[in-house]
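Scroll down for the structure; my scribbles are underneath it.
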Amino acid sequence: MANKGGLRAADPLIQEVSKVVPGFDQLACEFAFEKILSRPGLGIKQREIATLAALTALGAETELRLHVAVALNVGLSKQEIVEVLLQQVVYSGFPRAINALLVAKEVFEERGL
Amino acid sequence: MANKGGLRAADPLIQEVSKVVPGFDQLACEFAFEKILSRPGLGIKQREIATLAALTALGAETELRLHVAVALNVGLSKQEIVEVLLQQVVYSGFPRAINALLVAKEVFEERGL
Amino acid sequence: MANKGGLRAADPLIQEVSKVVPGFDQLACEFAFEKILSRPGLGIKQREIATLAALTALGAETELRLHVAVALNVGLSKQEIVEVLLQQVVYSGFPRAINALLVAKEVFEERGL
Amino acid sequence: MANKGGLRAADPLIQEVSKVVPGFDQLACEFAFEKILSRPGLGIKQREIATLAALTALGAETELRLHVAVALNVGLSKQEIVEVLLQQVVYSGFPRAINALLVAKEVFEERGL
Amino acid sequence: MANKGGLRAADPLIQEVSKVVPGFDQLACEFAFEKILSRPGLGIKQREIATLAALTALGAETELRLHVAVALNVGLSKQEIVEVLLQQVVYSGFPRAINALLVAKEVFEERGL
Amino acid sequence: MANKGGLRAADPLIQEVSKVVPGFDQLACEFAFEKILSRPGLGIKQREIATLAALTALGAETELRLHVAVALNVGLSKQEIVEVLLQQVVYSGFPRAINALLVAKEVFEERGL
């Protein structure tokens, strides 16, 4: 439930896509959230760490922005988020990590953190 | 310390590179391990989750193989590792997730898990 | 000929590059259009489907924007284009597919579709 | 139905993953096949063209190998498949296109085409 | 020394990241500049050529913008830079090369070249 | 001329593709070599540096193997090649750089360097 609430930060983007793909919100919710992200065996904080790392590696900044907010919502601290993104200098290189940290910085500032 | 021991699973690859780049092991150790991975603010299990997710997204299977072993060494369960990789069907797509799960399956079999 | 006309939607971008690489328009036209895209064995609609899918996978949104317009010009329907991009949730993951669908949505709106 | 039969070429890979993720075959089938690939608005041949192009762009050769077989099963000709992959010299560059064509060549040879 | 001066063009981005990762400027300087980029065996112009090519391949446009400026600072000509980026039509495909050339065009215009 | 000779190391791969795409060798030669790589404004050694860096960033190991040989043929030293690949720890991350260095190590060993 807390999980579901945290993930709701991604809603605006999914609602926007639903205007061009009717039912996309339900499809995304059923697959991503119900079939995958709510599986047992990994906590929601751990799942957000994995998501932040993958989005940094992919250079997917629009989704990363939403997931930095999701990460804060599910209880990851600003420092934990920063460390996940910074760590990607090792695996994805400085450009991807720098871009991700700049995105996170903006979200933190919007929230007054 | 436990950390350092766990990461030692990556040693063979780094030793191999050191044959063509003398001192690469020290360079990798100082930067990746001392400057980044040992920073406070994120536990070693959480860092391995981030690494597994990023390597899956990058399709970096040689390093992923080593880090599935590292992940087991630092105390992540087989189930936790599987969930991190499987979750990437959402963010990186089925091909990257499938490739990663096949790599993990091999490591689990080698260890009799 | 219809082919050539449809592809002309990509012209502004190529003209812009030609200002810094004199002759780029001719180079791009001769190679991409004459040597590859006009080969027999695959229709122009099918070629645009392949292009849309690849640009989504690559996260190449500037070119994708132009090719959504090209796709409409060569006779693909709005629904066909949406299905090509949406399908990439399976192969390239949700972030790439979502970004592509948002780009297509903008082009459709500009054309009043 | 013909569709479902064609896609069955991907089964061995998915069955292998199911050994480490129990139920993966059902999950992949329900999401990829039932929710996405069987949507109306795009024919199965067109969908395979999109898949081949995306897998080439992603450098996902294991899945590409299976999908060259799927493409033949659903009725794409050898020439059509070659043209889809070759076209990626323009969008994904020569290395990705060359790798994909070499994979396709092997599948064609295995089938005596 | 001239090297260090040329690389200073990347400073604003690194300073921005340092606001969210205190000490990032020192970390980046020590690793990227002192441990890697100042190694003997490859001149600074050659290193910038390699960097421009890699950033084009990665689609890392924010960093590319800075490195076009760095490249000019260390003595690469406008024509040399253009040729490095244009060459990527072969290896990374037209979209990545076009995006990179448009970034370079903007930097050249800002400098009145 | 020396240029053309050096590039001939890529011939076996291109000949293999030509079996499935008749005329691919001529197409690749005309576009990649005549239209792009032989343009004035950048020397062949500099072009190979750019190619090695991009192939490392792309994780395109089959082509990288050939281009390490091309690089040696056109006069780059073993040390220069190693430095180009190693530098990618900064921009493309350790996994891509490590994979590239292991490929180069094999080519050097085959040549007794």
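Per-chain numbering from 1; labels A, B, C, D, E and F assigned in written order.
Keep in mind that, in the parts below, contacts are C-beta pairs under 8 Å (C-beta built on N, C-alpha and C of every residue); 3 or more make two chains touch, one makes a residue touch a chain.
All of these numbers come straight from a predicted model, not from anything done at the bench.
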Compare the CA centroid of chain F with every other chain's and tell me the farthest one.
-> A
Give a one-word verdict, same or different, on whether chain D and chain E use largely identical residue numbers at their interface, taking over half shared as same.
-> same
Please identify which chain has its centre, taken as the mean of its CA atoms, farthest from the centre of chain B.
-> C
Which integer distance in Å separates the CA centroid of chain D from that of chain F?
-> 29
So, in whole Å, the Cα centroid of chain A is separated from that of chain F by 37
Among all residues of chain E, those touching at least two other chains are 31-32, 55, 58-60, 63, 82, 86, 88-96
Residue ranges of chain E in contact with chain D within the complex = 88-96
Any idea which chain B residues touch chain D in the complex?
-> 59, 82, 86, 89, 93-96, 98-99, 101-102, 104-105, 108
Complex contacts: residues of chain B adjacent to chain E | 27, 30-31, 35
Using the touch definition up top, name the residues of chain C that touch chain D in the complex.
-> 31-32, 36-37, 39, 41-42, 46-47, 49-58, 60, 63, 77, 79-80, 82-84, 86-92
Can you check the complex and tell me which residues of chain B touch chain F?
-> 13-14, 16-17, 19-21, 24, 28, 31-32, 55, 58-60, 62-63
